[in-house]
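Presented sequentially are two complexes of subunit A, the first with subunit B as partner and the second with subunit C.
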Partner chain A sequence: MSRHHTTTDQTEPLLRVTDLRTQFRTDDGVVRAVDGVSFGLNAGETVCLVGESGSGKTVTAESITRLVDCPPGEISGRIEFRGEDLTAASEDRLRSLRGAEIAHVFQNPQDALNPVHTVGWQVAEVVQIHESVSRRAARKRAVDLLDRVDIPDPAATADAYPHELSGGMKQRVLVAVALAGEPDLLIADEPTTALDVTIQAQILDLIADLQAEFDMAVLFVTHDLGVVARVADRVVVLYAGKVMERAPVDRLFDAPAHPYSRALLACLPGRGESNGAIPGNLPDATDPPPGCRFASRCPFAVEDCHEGDHPPLAPVAEDTDVEAGATVGDPPAGSAPLAASSAERSASPDAGPDREHVAACLFHGEDYDAAHLDREVAWSAAEGDHGE
Partner chain B sequence: MGMKWYVVRRVAWAVVATYLAVSLTFGLLMVTPNAGADVAAAQAAASGQDYDAVRERYLERRGLDRPVEEQYVDYMTNILTLDWGYSFSQGEPVLAAIGEAWVYSAQYFVPSILISALLGYGIGLYSALNRYTPTDYLGSFVAYFGISIPNFWFAIVLILLFGVVFRLLPTFYDSGVALLSVQNAKQLLLPVVVLSTASVAGQMRYSRAQAIEYARSAFVKTARAKGASEWRVLTRHILRVALVPLSTILIADVLAVLFAGSFIIETIFQIPGLGRLALEAIQQRDTPLVLATTLIPVFIAILGNLLQDLAYVALDPRIDYGDR
Partner chain C sequence: MAGDEPAPDGGTARGAGTGFEGIDWTAVDDAGSAGPSAAVTAEVLVLLGLAAALVYDYVVLANEAPTVGVVGWDVTGVEWLLVVVLVVGAFHAALPLARNRRLTAYYWRQFRKNRAAVVSLGFLGVVFLVGLVGPLIWTAPNEAIDYAAAYQPPVFAGGSWEHALGTDAQGRPIWHLIVYGMRVSLEVGLISMVFAISIGTVVGTAAAYFGGYVDEALMRYVDLQQTFPVFILLLLLIYLYGASLLLIIALYGLFSWEGTARLVRSEALQRGEEAYVRAAEATGAGRWWTIRRHLIPNVSSTVITAATLSIPVFILGEASLSFLGFGDPDVFSWGRTISAGRSDLPNAPWISTIPGLFLFLTVLAFNFVGDALRDAIDPR
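Then we have the complex of A and B:
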């Protein structure tokens, strides 16, 4: 995908989400699924929302066009799409945007198509909703779109029902549905998670091709860091409804700043010595403990981490060379394994919102030294110290 | 396996089911004491004749003393050739009595089914999409009221209110009124309301539950993400899928109303329909008429199930013809 994509207009992003809060009133209390999330997305760019299950990434993605059920959901904050605040937009206005300018692809293609309509009908439906065209013209467009997403024999497949297609084919149909309105923003919520690995790669390539062809921005929701490395320009790491870190993708992989990001990266096979899981569980979303949301699972947490509000996003110092899974106690800055990447970074100017790198961790704030995070800590210790 | 083969097999099964139902009825007839013979014999005994001899003669005259298999062939032939016997309680052939009665039943029955389906589905879907709002609670209240309230009591209260207190509607059904007249519509109003109340409630609860299930589904989210209006989501996506299970319930509901509702409604409102005919036949032990009024709902049930199986084919493309 268009990594290091540069847009001419840096001042006005296509989508700017500011302090987004999505809550659900339930019998057990108010679930704060998304609790003050901010990020931006430029035209033609790919931003990944990353986090484990329950981190709020899907709710964030579905809050943008208010696809979350409201009520019980309540959305506040600002969601500016081309400068227009969608949280204040009428349902009619949102309907005219959905499918036409902001399209969605969802996680599980098995359930995302209506079982009793042909796939051609379901692609054509988008065209019919947003344009006043004849049924025949809409169908022709549907067949063209099915062809564009590389479905063999598109005219015959248009008459097939979803249960007659494989999972990968269904996801291609859903990509065609998303493309039908020629959107400027595609919100892809784990579009490859339910597919097997070879199909995953095909779908990712397809989305990348179409992104370039249609000059779409893509908001890509995933928990899979392999996918992130493949598609993202920039990354937003979410945990328990909060942004933990925002970084250009190369910075996230080379120099993850937040302990949570490091823990996620350490779970990647071949990186670090982690056994593939972060000990502990997400905090209670109805009544989160004070302080940093990740504190109870963080091996670096100090007393201050358990007090007050979640730490604000602080800029990550460029010269702090850190690496996930650093094996030796306290590597001096610019040590051998990092030499190349830090040289590359210092050569580039690294200015502008595209290169923004911030983390919500006390140690990146003014009162602490981020180098503290580089000391070696056994992950299992976290549970014992702050578990209950 | 193609669709044609599926349809052929469904129809064949309906024929087999009909045959079994008719044969079973014959079996029941065989083991039931013959009411006519007993009455005739008792009367003869009262006037000094021999009870058993008269009874024998009665059975002999009607061919009921022959071997079972002969009677069975005879009985099946009669059913098939629509020679369903003579009803002594009505003083005319059974089929003629039924031919006169069904018109009266259909007059309140068809509107009730249409109203309960339309209103029930409508309220149910609306409630599903507006859950936990005052209108949803009102809908649920109406539904539970309809389910809880006994038909016969509700009918009598309505007659008292609208017929006796306010004098807006007639208190009983007058079969002398022309079919297409305001007066006929007025006298059918209460039966239709009473029958619909119970039926609407059932349809409403089922369609609400079905719609809630599908309203949460991923394909509905896809439809909303396309920019589809709520109405479009409701009709083209939710209702269209929900129709498959709902059609089953509708058939079951129609039969329940036919079997149970018509007896009560027709007795209270004095409608000379099939329910009253069946009731009179049973009370007067008019065996040929009891037989006919039992077989007709059975035939309707079989036909309804056949139509429902065929409707599945049109409604749900996932049905595998090979397995059914």
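Then we have the complex of A and C:
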């Protein structure tokens, strides 16, 4: 695991997304897939975008280099990469960034490799797109990269077609493809979801190793909080296209502030009694009801939650969190890795600029008392009288 | 086969070596910074050479002397086209297949599972070779007229070995008619196919790529063309200008690409949604690069199958025209021979039935091969 809290000298983040809005014009109206999302990402750091499917996390990730089809998509807001606003960048400029400075790893390795080309060809292709090197040099780089992602016998494997490799091997190849341009930012969209558990762990370790070696920042998109606990430095929790909470990973696990984050955590095996999904559905993305996006599923919702705009992000007070952490409950002994890593991180007393902890809930705003969220019973009980 | 579109492996060129190291990387692609590859240069040179020869044939020799003096072969317009098609086929089908041995071997293993298709392929290979070089070996039917030898039955019906397949009413050996008929079928099938498939692929890809109004306009035109009575236009043109093989081939080629265009368009649209196309875009590949390297190779399996299955349609179409008497009077199409033998069916059935059998087997073989190809080269 790579922890890069080397950010004291870092004033300008590598990537700063401000009020990102990605909409799709469809026959049924405008789908606001991403509706005002902001977060930053420092060099060498890992930030996780977390949320259920439909939360807008993938669209957020793909908006950064405009991989979403525009039209029908429309991207607004600011996406500053090293200070350059990518929303205003030309397609040519973005193309030269993609793969070279900002690389992507996608969810399904099966489909992300072209079946008619050898995997070596597909790695060499990226080298050739971005550098005017000879084919021989590109080939050599491809073999080196395959070696670097721990593919056994890289020279022979380079010759294989995707259907001849296992899922884990294919994902390694895709990591090699992503590394080929020596990017500063790797956007990994559920890179392990399609793999089985042991392979998942290997791929996560591989990405962490490479991150340390190449000093890459990683934007990790996932719905899996187990993965978050493993890889994240900071977490952005998304729901219905909005940021619900931004927190350092230890704070999110120890002291989740937003009811939605708490719900997600309660769904983790070994945390709380709930298992499976949060009851209820995402609000309509074309015409969301007024007020907090989470209101229809939130057990703490009060009348004000159903009115006006989505609550703004407000800083989370320290003391509330301690209680909240207690409320969500100490993990049972079974979930030792999570507990250990959380404890370890809480112990580290760093309170730099990246210790920001904000949540978009009325109860963290000025007019309400966050303690209200703690006066309720634990999430699982709340779920009981709200859901089913 | 030889005229087929590029194999679905685009530029994964491979040398004789088995390892990645053995790949002939200088031939891998022609889009890199190093300029066009050797293969492309060679192809352009050969085609330029052909163009020069064509000019020489028409300007210097005019119609005075045969083009290739040694064998007395005066190359006709259709034959020029056939040569061009064969050159293109050699560079875009045979060469990539020879380079990508492993992929070729893989396809072959898949293809081999279909016994009928393997036999068919062998038969078509013979038809191809005989059709290509046969006319240089055996004299043209009209120069072999020998009334003394008329109506000789084939050897299996009591004839002599001199004319193993018998002779027709003017004493022309049936074998010579068959050989020249193979040449005609070869020309009609391959040239029309290359025309139709090229136009269809370009239109289909353009429609899928540009989308919107371009797509709309192209596809409406395709609808229009599909309902257009090509046969009547053909009859009209034949009536006006006289029948010629070139005219028939051109009309078939220019008016029968709608199916391919539709197929390629829907396939390209579908493949455009595939994750690997998006993944390629995420690595910074440009739109054109993505189309050429990722879309077209994956669409080409569809194109190859469509191409193979379109050849027999053209051959059969030309044979029907000739049978009805609308064919080129200067060429010995199988349809024409079948037609000529009709009146002799009771006393000399071999005149019609032998070319009929060849026509039937050729069409059947193409269909077998096309079906087996579809199963063998599907990239998924």
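Points worth noting:
Here is the rule we use: the second predicted complex is superposed on the first by the 340 of 388 C-alpha atoms of A that agree within 3 Å, B and C clash if a C-alpha of one lies under 4 Å from a C-alpha of the other, contacts with A are read in each partner's own complex, and residues count from 1 in each chain.
The rule we apply is simple: contacts are C-beta pairs under 8 Å (C-beta built on N, C-alpha and C of every residue); 3 or more make two chains touch, one makes a residue touch a chain.
Owing to the predicted nature of the structure, the values given are computational and were not obtained by experimental measurement.
With both complexes brought onto subunit A, simultaneous placement of subunit B and subunit C is prevented by a clash.
In the superposition on chain A, A:302 contacts neither subunit B nor subunit C. Of the two partner chains placed by the overlay, neither subunit B nor subunit C lies in contact with A:212.
Once the two complexes are overlaid on the shared chain, A:143 sits against subunit C while remaining clear of subunit B. When the shared chain is aligned, subunit C comes close enough to touch A:135, but subunit B does not. Look at A:108: by the touch rule set out above, it reaches both subunit B and subunit C.
When subunit A is checked against subunit B and against subunit C, the one touching more of its residues turns out to be C. Using the contact criterion defined above for the overlaid structures, shared-chain residue A:96 touches subunit B and also reaches subunit C.
Looking at subunit A, you'll find residues 65, 67, 95-100, 103-104, 106, 108, 111-117, 125-126, 129-130, 161, 174, 177, 181 touch subunit B in one structure and subunit C in the other. Against subunit C, the residues of subunit A that register as touching in their complex are 65, 67, 95-100, 103-104, 106, 108, 111-118, 120-121, 125-126, 128-130, 132, 134-136, 138-139, 142-143, 155-156, 158-159, 161, 174, 177-178, 180-181. For subunit A in complex with subunit B, the touching residues are 65, 67, 95-100, 103-104, 106, 108, 111-117, 122, 125-126, 129-130, 161, 163, 174, 177, 181. Here subunit C touches subunit A in the complex through residues 8-10, 12, 18-21, 23, 25-26, 28-29, 32-34, 102-103, 274-276, 278-286, 289, 293-294, 297-298, 379-380, going by the rule given at the top. Residues 217-219, 221-229, 232, 236-237, 240-241, 244, 315-318 of subunit B touch subunit A in their complex.
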